[in-house]
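Chain naming follows the written order as A, B, C and D, and within any one chain the residues start at number 1.
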Amino acid sequence: MPDPTSPPPSSAPHVMWGGRFERPMDPRLDRMNRSLPVDRRLWREDLDTNRAWTWALEGCGVLTADERARMLEGLDAVARQLAAGAAAGADDEDIHSLVERLLGEAIGALAGKLHTGRSRNDQLGTDLRLWTMRALDELDALVAALGRALIARARTGVEIIMASYTHTQRAQPVRFAHWALAHAWPLARDRARLAGARTRAAVLPLGSAAIAGSGFPVDRAALARRLGFDAVTPNSIDAVGDRDFALEACFAATVLSVHLSRLAEDLVLYSTSEFGFLALPEPFTTGSSLMPQKRNPDALELVRGKAGHQIGRLTATLTTLKGLPAGYQKDLQENNDALITTLDTARDALGVMTGVVDGLVLHTERMRAAVDDSTLATDVADLLVQGGMPFREAHAAVGALVRAAERRGVTLREVPAADAAAIAAALPAAVAALSGPEASVERRALEGGTARAAVERQLLDAEVRFAPGSRALP
Amino acid sequence: MPDPTSPPPSSAPHVMWGGRFERPMDPRLDRMNRSLPVDRRLWREDLDTNRAWTWALEGCGVLTADERARMLEGLDAVARQLAAGAAAGADDEDIHSLVERLLGEAIGALAGKLHTGRSRNDQLGTDLRLWTMRALDELDALVAALGRALIARARTGVEIIMASYTHTQRAQPVRFAHWALAHAWPLARDRARLAGARTRAAVLPLGSAAIAGSGFPVDRAALARRLGFDAVTPNSIDAVGDRDFALEACFAATVLSVHLSRLAEDLVLYSTSEFGFLALPEPFTTGSSLMPQKRNPDALELVRGKAGHQIGRLTATLTTLKGLPAGYQKDLQENNDALITTLDTARDALGVMTGVVDGLVLHTERMRAAVDDSTLATDVADLLVQGGMPFREAHAAVGALVRAAERRGVTLREVPAADAAAIAAALPAAVAALSGPEASVERRALEGGTARAAVERQLLDAEVRFAPGSRALP
Amino acid sequence: MPDPTSPPPSSAPHVMWGGRFERPMDPRLDRMNRSLPVDRRLWREDLDTNRAWTWALEGCGVLTADERARMLEGLDAVARQLAAGAAAGADDEDIHSLVERLLGEAIGALAGKLHTGRSRNDQLGTDLRLWTMRALDELDALVAALGRALIARARTGVEIIMASYTHTQRAQPVRFAHWALAHAWPLARDRARLAGARTRAAVLPLGSAAIAGSGFPVDRAALARRLGFDAVTPNSIDAVGDRDFALEACFAATVLSVHLSRLAEDLVLYSTSEFGFLALPEPFTTGSSLMPQKRNPDALELVRGKAGHQIGRLTATLTTLKGLPAGYQKDLQENNDALITTLDTARDALGVMTGVVDGLVLHTERMRAAVDDSTLATDVADLLVQGGMPFREAHAAVGALVRAAERRGVTLREVPAADAAAIAAALPAAVAALSGPEASVERRALEGGTARAAVERQLLDAEVRFAPGSRALP
Amino acid sequence: MPDPTSPPPSSAPHVMWGGRFERPMDPRLDRMNRSLPVDRRLWREDLDTNRAWTWALEGCGVLTADERARMLEGLDAVARQLAAGAAAGADDEDIHSLVERLLGEAIGALAGKLHTGRSRNDQLGTDLRLWTMRALDELDALVAALGRALIARARTGVEIIMASYTHTQRAQPVRFAHWALAHAWPLARDRARLAGARTRAAVLPLGSAAIAGSGFPVDRAALARRLGFDAVTPNSIDAVGDRDFALEACFAATVLSVHLSRLAEDLVLYSTSEFGFLALPEPFTTGSSLMPQKRNPDALELVRGKAGHQIGRLTATLTTLKGLPAGYQKDLQENNDALITTLDTARDALGVMTGVVDGLVLHTERMRAAVDDSTLATDVADLLVQGGMPFREAHAAVGALVRAAERRGVTLREVPAADAAAIAAALPAAVAALSGPEASVERRALEGGTARAAVERQLLDAEVRFAPGSRALP
């Protein structure tokens, strides 16, 4: 986003049009219209697109081989200038105008042939898709890395028993590894969505020109191959107004961010003095300017807060598209910053969360202490069922036992046998047969359960799924 | 959504718990907590889940073969009651409680064994996913039907030339078929997203119980096969708190709705007196209670307006999930109505838009009249390029020609040759070489262009893609 | 919202137009277009509007006194029918059509004069505003009631010391009363916003007709007085397309809901086993279908989840309005359900939260136990400042002391004096001068602080602000 | 927003804490945590807050008069540095840290006393509110200016008759002045909301410290007076976590932006070749890089698109607040950029729209031409009513007349009298009595109507309401 405090330019911007205009752009519009502060992020992609287009223009006879060579050299020179920061402070309307201007400064009038047969509509669409494809690849690798960080924690936490929670209330004992993997599997789904978004992004709009298709018979399939696209868009009107790929990339990154916010929330809770299940790595916490004792989970709160703004940007992007006529409308320009910021934000949040997970210090005794007897109530009911009692009756009986225990201020096991028997004859035996949390977790040995063997199987599956170099599965 | 005007129930609702409670639920909470008015939509799926679970309980020895048979008969009886409307006005907490209560009325105490080894957490997840899979299948078929309707219009509009628009300003001539197909291709992408959502939905959470996995060794793979799922969830904590499938289904339906809003917007514009390109079918318009002459495009406006509320529901669903701890939290209940309404809304909007497209009456002469000479300005520039002028110069020259024509109040062709030559020597010849709109569209023969051959190829591709029985491609 | 499972009507709906139409409405459009299932909530307001309009028509000579009297009697008869449920299942297009139809059945052809000089555009605007004014009044009273419930808890909690939290980490000791009032003051701001929304709602659109103003010289000021509006809209085009009042009411109710979600979050945390600061009233909790011991804070989670959907509806309403042409567009219809549901939801959430607050059981010893020595670190730094040390140095010194204590596994006070002196010479004396939490809270006696006197002043202010019959202040 | 492409800093940032920390911040957190790139916009306000705080510290004896004077001089020196751009590229954590560091460089150890008795929590709240108050004042002035621009257009358009539209279909004739004023009145409501937001912003949190109130007895009322606040916050916990003022400012600016989007949409339509009601001022249009003839309404499309992103930012801000515990949480930091960008965006959009409105060129003959006979259909019905026919019958009769005209391809007036009489005996006379559009608009002379006298009254009211120096009315 442009710094809104910067003064408007003193004169009209460099633009790629103007022949039919008599008066310069108003500075108020210029400030709002100029997209260079956003789209300069696309400079590498714009140059790639221009290089491919240069070859295409030679292919259909607009450029000679010599002109093509000089054009490519000029684009290389422009690339060096942009790599050195030439976009900063430039007063061009957008990255395309800047590149064409710099190219003109480098190779003269020949630069004026570059934009033959195309429009910024298909050019920007191509740049954006290319940038998105690359950003999605980077995200996928970072998601896998966080997956591996969680798996590594899980590996060392198979023997650690903790309370699990529903409704933020203690539920049943689980292995710490099971909890850590519970935050890895959503990432596998994220990878599938990122891959879907990439598939839809990798369709080339170049050649669609402004709306009706290029007036020159460029070889679009060759363009696609050269730029790494899988296919070409089938309809020029659709191609220049379509931003589905951006919506889908934003959505995938937003769901990912929501997943990170849920992991962050668990960690905020578990690192309170009250839960005390774990300590966050110091380099991912900050202090207070007033209270000297504070070590705050800022990393987690920022990740959680950023998820809110990811949602806002997705909302904005959808809202901006709603009710637009087919084809290119300038409203679409507003979405570019949201796309770039959304993917950047997901990238940064992944890095931070990976650092946090890597550095967690577990307090296993506090975890174990939270597994109080009440978390075994379901096991008592299950024991009653094994003795033949319908579950609904067993549930009611154990519920009454819980109430009796609460009234006396004791644990389940401490309710006098006579009182328990008064609730249900089979109850004292069931309570007596109850072993500890280990037995409870081992009862849950089916696939996806928290028994040791089930968790070990999960770990193996997850390791394959998130291995370095792995690809997303559907 | 429950009718908020209905009085709260006079007594506590039927619930599946309560053993440990001493006081009944407050009526204010009951009104907010009761989900039956929403989740009764899931009754078929709840019965399917219960049937499958009955087999699973037999499989792990909780039920005898005879009990399994009686349970299945009881469930069939309940199905008949629900099909006859038994859910209306029932005072149960949710569909699961209602089914268990009716089952108890049908088969007695045996009904109390049904809920063994599971929780409403994994049961509801299963019901919702099953409902979503079915709803997505229905949506996919309706999307394909709208695609075919557009293709049918395109078939008859290959020879109709109209102005295309960018920025709602006349741009270049295109074939009407090209415009109609521009609204079909987004639907192909929608089908891919719907298919992705279905893939992620078809993973079975049943067996995850409340959070730690079932205490009974049910065969989850067999459950999945019986219910038509492709796989089972790998982690019970993740399984009960995961709503990615709902997010993804809502997103796919929302993008689809945004596409319909863009088609609607084009049709609103084109059916104004001012554009006059087409007339809407009367049965999809309504009148005014005051102005007798009015025939308003209400169908289109409602579709457009509903897209806004689809966005709101997606936003709400994401917002509700943000920052939730892992595992089940009651907040998730709020999302069910949004999921159901979103898919229902997309379904209804597809039906309406298909009806509208089927009934459009084209005014081809008005379309053709909008193709004024200015829409051929790019062709003049392209002709200059073919004569060797760099495009950037050609663009400037034609821009100056446009300005000259505007100042004189004439068309491009009517600018005196001397004036044109003063702008650029090659200009008068280029203008003279300009033929009509047909030549312009035929210049755009590359893939995705608006030339006849390119459009015919598009039509063939689209017909395959949207054929009855076709499946989504990525 | 209409039940989407209901079959479409077999024939066209009753409508207030149709003269220029040859073919009936398509059932697919009917299902989408029919607003009666939503706007029947406005039946009282529609009748009030009709009664006022009847007087206005007499005022400008369209009705005789006798006709006016018969019309009013007819409307009373219709009111009785609607009160008895006549809207349920009716097949009219909307509440206005239903009322006109029932009126016709009651009084014959005279009913056909009711709609003279107006349109449903200005009529619906009037109904909606009237309904909103009434709903806002009800909300304001419920907000004040929740405020009083919080004040009542605060009254009894002046002497209770608890830890306050920032970043979910223990910060400094505060009085429980201070915490309770921290959730009351946001409600005072909510009341101001609700009042602002009501002011903007109380402007009468009736008389604007469809868009250009009524063709009959009705006395709009008299209409406004009769219906309880403060003013009349100044421009008919603006009047029929304006939904600012709905946006503002939804926004005020949404911010209120976000406030309730923050109170809910505090209570979810404080009622965990780990915090244990309080217990929720049993009638506002629910159980688990599987785990017999569970008592879950469903009331709080639902309130928190509903806040997410309030945000979604506000988003949807804004999105639907964005980019609409001036004047009435059918898209506006979609917003009515969102408005009604938003205000209903806020109403229900207020009721639930008031019940929860009324029934909280405080565990004061757990609150006090959370006030460990680290929460007094700021006081040590302040004591150093009083001895002349710049705060930034004092902060660093106490920070080092905290680190030393942590390394030794002791509290601040237990760090050996020699070690403390090695950090800063003044430190041992400052630590020695430290008294307990009471002294800490009493140091904060400025306005808005947590000292007893400051809290007592707050209580008095709050009691006035939320007194029964009180009005919102800006 | 920080440029995400910039490399992370090579070392840890300058922070105001750290005494209890052993390891430096991780660069990944630093990149995410550092707020200086956003909050440097608040530098003027931070200095004002610091100056006021300096006086307050003298007031409660923490500073001597001499120290106070040196501190103020130091702050002036810092102000000069910041005005000269010292914040650019600084590696401090936030604006507060930067100011304290620069102050230390200017006046030495005394700077370490500045932060006594406060926290960044109350300091940032104060800075943000002060910035918001100033930004809202600026917005209000710009809204009034746009109001005056519309009024000026209306003044010259009282005699211009145009078609008004509902559902984008021709409705009834209105004066152009009436249309222009229809876009001014929403701005009057915007001013009321901006004023409400300002009232709620002007409450001082300073003195609340981190959460429990300052440990030093600063005079908060004096601070409020010095800084231009109307009151002080009543509760320190509420004060540091409250962002209602930001929500309300964002909401008011978002509704304003939606209003501008509706004006933009009307102008996009009216400036098409097909409507042709007006031409946009050239300096607020741009061209195409491909199509030389294009002059696109980019200013309007950008304003419309930006409204979508305003909605997204409001959504994000609400979402981020939902479910946060009371008091300060780091998530709040994410909202600052959204607040600033939202008010900046509204400011820029107002400037652009004022320029557009000032420069509109009206094509009055095209406006008049759109007032075809069908727009008088309501007048025919009204004439029938004046003859005693109930409106509902009259509506049906004219509807049938419209249908008859349409079938014959003629206008209403051209339907043969016999045919008209066959529909209703009174119809031919009513049609014959019909005069032109002027009579139609003059029939609508009630308040808010489009008759000349009513419009003149509106103009006078609006001129007062939007006069330079005027204040918002409720």
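Following the convention adopted for this analysis, a residue touches a chain if its C-beta (ideal position, glycine included) is under 8 Å from a C-beta of that chain, and two chains touch if they have at least 3 such contacts.
Note that the coordinates shown come from a computational prediction; the quantities given were computed from them, not determined experimentally.
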item	value
Intersection of contact partners for chain C and chain D	A, B
Reference interface B-D: repeating pair among A-D, C-D or A-C with over half of contacts shared	A-C
Mean-CA-position distance for chain C and chain B (Å)	31
Separation of chain A from chain B, taking each centre as the mean of its C-alpha atoms, in whole Å	23
Numbers and ranges of chain B residues touching at least 2 other chains	16-22, 115, 121, 166-168, 171-172, 209-210, 269, 287-298, 301, 304, 308, 311, 314-315, 319, 322-323, 329-330, 378, 395-399, 402
Residues on chain C engaged by chain A in the complex (per definition of touch)	166-172, 268-269, 272-276, 287-298, 301, 315, 319, 322-323, 370, 372, 374-375, 377-378, 380-381, 395-396, 398-399, 401-402, 412
List of chain C residues in touch with chain B within their complex	1, 4-5, 15-26, 28-29, 31-33, 41, 96, 115, 118-121, 209-210, 281-284, 286-299, 301-306, 308-309, 311-317, 319-320, 322, 329-335, 338, 340-341, 344, 348-349, 351-352, 355
